[in-house]
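One structure below.
Labels run A, B, C and D following the written order; every chain starts at residue 1.
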């Protein structure tokens, strides 16, 4: 906020209705390059829907989404991917018929408009990505043999394989134990250091409060707060509607 | 992995050599059956490509029929070389697949299955109702391939053998190509594939087109070989059904599966027909049920299990 | 345009649509609950029609009396088929299920062919082929009775789905199988009963078929493709969709037959084209709830 | 993986071994191809009844050339692809001396196309399309027992032309198969030639679930005569729905669909006054054969025997199949050899009375050199029985015309 950098991602009056049901109402959001934004809110508040709208899986009812000064609303997901936005899914979506390495190679092959043609080059790059997310040793495993943590890592790896500039992460820490969460947080920090901007949907409060530069809170499809973690965690509406005990529990 | 692939080569070469020298050993009837087997090898292999993208077609008879009619009508009109006819049959089938693919792509797999079935029926109606163009329900006769007779049959065998090899080679190459990654990603999770930069529509149409191409070619080959084609035979739902049963029996998603399935089921079907006089289709049905219950991965899956155990 | 004739064409379309609906409703119920493309449905129709035929010719039992009998018999058969054949592959890919049901079709059809020969048979009751006159309209009594049976059974099924515990469970499973399972719904039981009810509807279709047309061992094949087209058109699992889809198809065929030269030959092709066009606009069918 | 290929190859090898195995020539083998399953199974089974009766008698009379005649019966499911496989098998593997069978023109055309290279002697009862005559009529090895579509339609046209008062407006509907299309074309030619007005000329899908739309259209055209060219189930449904729609023109006429016993059994009094055409009916009165009384008794006796055996009325497919097979074995005996030219000569010399009528091959005007049966009978259902009305000299009753209203039948 207030930073005078170029607007990396800019959402204006983003509104999404399912039938008569408003899932997102006039959401505004600005993301600068290199930021980590935490996106929080109770279940059903519209976080995942917001991701789906940004990535083009759902058509927008109204509003505008600009990425690097270019309108991307209405583009198909694969076009948005080519523009440099990657994402993970809350329920991991691995390609079960492929090995871990092959999963990542899909993104390497197709993630950019001009795909990597050379197979060996693609394989090397994919292996690097796997090393970065800590799956280097499991590259030939079947996806079905992976633990939950590894599946989440694979989600990250697949997203990274498209060489995104902006990454939308949907609950990559859910269901993991504290040690695993720590590892993932470290991984995300490294990714940011590597130049990737992150928007993180997360329920694990202490982790997201630690990680994020800024926190956005969604409630019933509306943005009710936006600011540095310390500020947001004291916001009355946020505590009432969402954080409350849960935050205390998580912090404890 | 590479070792395993090399281990297959001697067997494969032996099989090809055997098939290449088969005409020397077989009587005319067995040759006829082998030609039918190879026709089904092509159909099953081609159909299986579509499955890689999780699209189920119940209407491959449409591509077969389009190929057959293209071949027969063009040959009767202009007497082009049969090879060219077959190529044109494939091209027309592919074109129709592009149209069908573009129309049906947003459908769920089951809806697509029914839509393709309807497409085949609609094509049959079209052929019947346009007798000026197609000679309608009475069917079209064509001079037999290579002039008929036994020598012609051997030639026909090598021709279909070549076509079958090409279609299997296409499947094999595809399986090892970049395209296979896109196909499988779409198969397993279309949204996730989309988010990794894959345009599902495009690759589904590609799969449809490739899948239809060789089926159109063998449709045209069939018309030339049998020397007579009619709408009910060309757009026969049994072709569409066999196209699915064979890969399933052999092993879906694999390259060898449809080939094995086509061999076994064509020969088994004929064997049952001539040995069990009444109700052999009951036995065929029972075999189908047993395969689905006890061999869901097909014979290739079974073979791989054996290999692993050893 | 002659209005009287137009009215007759519409009436024909509606009556045919009613017949289609009777077959399609059971099919869509089965699909909605189990996501199984069930080719056996045509055979339940065939069995229902032979049952009716034999009860009538051998024991003189009126088709209307054999209706509850056929419904019960096919219900039991449907439950058995579900229990022993469909249930084991309920989580298998669609394709395996399609081919499984296809295998069953081959078995049942060819058994029937051996048992009852390939003859086309039909029966004549006191009220068959009697025509009812409504002004200029002339319609067959049995067709109207068939429509009444179709409406009655569809309404009954809809009420059962709305009002009973089983109905609630069916709707829960149709919407989201996993969620229903988590909510404590006995999905296995729901599946079995749904398959039984669907098959019973097919059997009822057979009773009507044997009255208004004819039967032979392959009669199911005449219906099943069209029934699938209707189910897809209406939206898989939607009863209302199946009814509307049936009427659309029935009316399309009737109108095309009457107003297009050589229309009877084109009718089926046109109705398939309509199917594809509707699916282009609504890929999941008319009444598919997101 | 290697083992798997070995197994596969073993399988192929075993199969190829099956080919050359031929039994020692103890018996005289004759191949029969019939649609015993599939949607036309009803015909195939009727044909088989005639063939079963024939083979019993043939072997009781000493077989062919003093050998027992062995039939190898193949089911082709009514599928033209399967008929080719079946014929290939019979000729090259079973080495049959001759072939008989067949049902539809489509199958027959596929059969002929595939068999041209072997030229097996075939006494064939299937198919009536003129296309067969034009494409393969000159084949010396091919003998057609089935009347041609013009035989049917010429008789129909003359019959209609002779009705007093003469009808004028005729509505035609035909099934969308080779059979329906071929017959309708020929019928159109003859009828327009005689000055009839064709008020509709509509195809319908065989196996339609509903004819009310088509019948409403035809009813609206106000024909004197409704003539449909359809089969079995379609004929039953068309009759039912014509009544439901109150469609009662002066005459309802079909080709062969209304000839099946099941037609009248199913419809009872609604079948009354419906007219049809057939090659033969159980009411026919042909005398016994002079040369072969053991095979060809007078029609009445043959029908009685059939009824005793099968407890049903024969349709013409039984006797035509019966005659086909016996013609073949008789000719083998007469030729004294199975050598092709001698056999063809013996077949060409066939001239006998049969329960089906006079059996003799002649050149027809459509290009075929071997056609036999061509007399047709037009009948009307009256009081549950077929009454022959045409040709006039053999008429067994009076035509009910114009038809009474449906409720007065």
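To be clear about the criterion, contacts are C-beta pairs under 8 Å (C-beta built on N, C-alpha and C of every residue); 3 or more make two chains touch, one makes a residue touch a chain.
The shown structure was predicted, so the numbers you read here are calculated from the model rather than taken from an experiment.
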| item | value |
| --- | --- |
| Computed distance of Cα centres, chain C from chain A, in Å | 47 |
| CA centroid of chain C to CA centroid of chain D, Å | 35 |
| Rounded Å distance between chain B and chain C, as computed from the means of their C-alpha atoms | 32 |
| Chain D, residues touching no fewer than two other chains | 37, 176, 203, 205 |
| Multi-partner residues of chain C (each touching 2 or more other chains) | 110, 113, 262, 265, 268 |
| Pairwise touch network: line, ring, star, complete, or other | other |
| Contacting chain pairs - touch in the sense defined above | A-B, B-C, B-D, C-D |
| Interfacial residue positions of chain A with respect to chain B in the complex | 55, 57, 76-78, 81-82, 86-87, 89, 93-98, 102, 105-107, 109-113, 115, 119, 158-159, 161-162 |
| Touching residues (chain side chain D, partner chain C) in the complex | 37-45, 173, 176, 201-205, 207-210, 212-214, 216-217, 220, 232-233, 236-237, 239-241, 243-246, 260, 262, 265-270, 406 |
| Touch list for chain B against partner chain C, complex | 51, 56, 58, 103-104, 106-111, 113-115, 117-119, 121-122, 125-126, 128-129, 241, 244-245, 248, 252, 278-279, 281-282, 284-289, 292-293, 296 |
| Touching residues (chain side chain C, partner chain B) in the complex | 31, 35, 37, 85, 88-89, 92-96, 98-100, 102-107, 109-111, 113-114, 225, 228-229, 231-232, 236, 262, 265-266, 268-269, 272-273, 275-276, 279-280, 283-285 |
| List of chain C residues in touch with chain D within their complex | 2, 5, 8-9, 12-13, 15-16, 19-20, 110, 113, 117-124, 128-131, 133, 138-143, 212-214, 216-219, 221-223, 226, 250, 253-255, 257-258, 262-265, 267-268 |
